[in-house]
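Order of writing sets the labels: A, B and C. Residues in every chain begin at 1.
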């Protein structure tokens, strides 16, 4: 029942998105634009400062993710479908999981584009380190999206929701950013510093477990009128 | 809680009146000399801040899951105090660091952690002020998450940077410094409790006023 | 009126901070390794001579001063809000005492 509801919510979002690809295309292009802004800001004489590839990857993800979260829930708010979702005879945390999966898919596709792009623009051997980079990206994205989905959902009714989301989200997800960037940097070092990357990965995993649980737990009382 | 206010205020005032004496009589630290004396206010301010984080997180949890309005008032009072004591720590820290390290800010682990937690609870107060209707529940979620993220902030920032005096400083304090430090720590925790009581009183009065207005409109 | 008071106190605090930051930086030590012209080698020194060191006292005083000022500032804001709530309550009770004549024009101020 729980998983079925979550997958139904995911399918609904997917079906709406397929019609126009609006959120997908714009988020993707925004992420690319972000990377370019950083490139022009940081590259000097054709060289970016060391470790900047890792930093830019996670910052672009952070910014693109914040926008994507805002717009996904804006769509729900605009269509006033959130009330229908909440009235459905389904466990509320399942709705949260469904939305979370949707955001994860979106950010995952963004990463599929961003990683090769950054590897190309900054001459960073990201693609060669995929065995550890993938788990890092997955865990980091899950951590960010878990907290982000909850906050975006609960801010839907607030007047200042657009700016409140980053204000709330960024301090809360700094551990994810630190772990992600440091872990990716460790992987980009030559030779790749795998023990360090694995240590940061463990921290990310713990963060994910704690915050997905906490979000599932608090979603219900937060979404009651 | 209201009845304890006057004795608590007297005790706290007395402790803070004696504190400068205790601090002045404490021995100098061998390498940092005079500037190390900021330690007697700096670390107790952090202790009060962490006490506040615990109180705010737990009270937010009680409010979100049990719905008790007193818990909400406690949470907002604690959040304001977190911001206050955090600010004290974040200003005294760089002042100490300017002399001890030569620079105002060095992305040292403890100060960065405190800055992050301070930002989280400033966000709490912003949500309460600008979140619109139902912002008390939103803020409660921020409070709970803020408390939950503290260990992660601790671990990640610690591994990221450490120039600060290590954890072992406080447990190994020698006799002359031990007394004044724990005296100041107690004084700050009492101050925290006192200010919490004061702010709770304000929150209760505001709630009473709200109830009066609501009753009047019927 | 209270907004102006707020601004004044804020400015005082800010200038106290600026003053605290100014005092030590006026005596920033010059880099210890700067060689006077014509020196053939560098001579390392363990500690900066007292004339070049940052004085600690202004920083210490600024730190304690800020701690006290911050606490008093907070107490003052709580006291101010408490006064406002009590004034509202007195207005309310007075209106009630008049037999609900002015009840419809009650001004709902934001208690925050």
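Couple of notes before you dig in:
The working rule: a contact is a pair of C-beta atoms (placed from the backbone, for glycine too) under 8 Å apart; a residue touches a chain by one contact, two chains touch by 3 or more.
Note that the structure is predicted; figures quoted are calculated from it, not measured.
Think of the whole protein's Cα atoms as having one middle point; the chain whose own Cα middle lies nearest to it is B.
Averaging C-alpha coordinates per chain and comparing to chain B, the farthest chain turns out to be A.
Here the CA centre of chain A is 38 Å from the CA centre of chain C. Chain A and chain B have CA centres that are 31 Å apart. One simple way to say how far apart two chains are is to compare their mean CA positions; for chain B and chain C this gives 17 Å.
Of all residues in chain C, those touching chain B in their complex are 17, 20, 24, 54, 56-57, 59-60, 62-64, 66-67, 70-71, 74-75, 78, 81-82, 85-86, 88-89, 92, 96, 103, 106, 108, 111-112. On chain A, the positions that touch chain B within their shared complex are 147, 150-151, 154-155, 157-160, 164, 167-168, 170-172, 174-175, 178-179, 182, 199, 203, 206-207, 210-211, 214, 218, 221-222. Interface residues of chain B, counted against chain A in their complex, comprise 64-65, 116-117, 119-120, 123, 126-127, 130-135, 137-138, 141-142, 144-146, 148-149, 152-153, 155-157, 159-160. The touching residues of chain B, when paired with chain C in their complex, are 33-35, 37-38, 41-42, 45, 80, 84, 87-88, 91-92, 95-96, 98-99, 102, 128-129, 191, 195, 198-199, 201-202, 205-206, 208-210, 212-213, 216-217.
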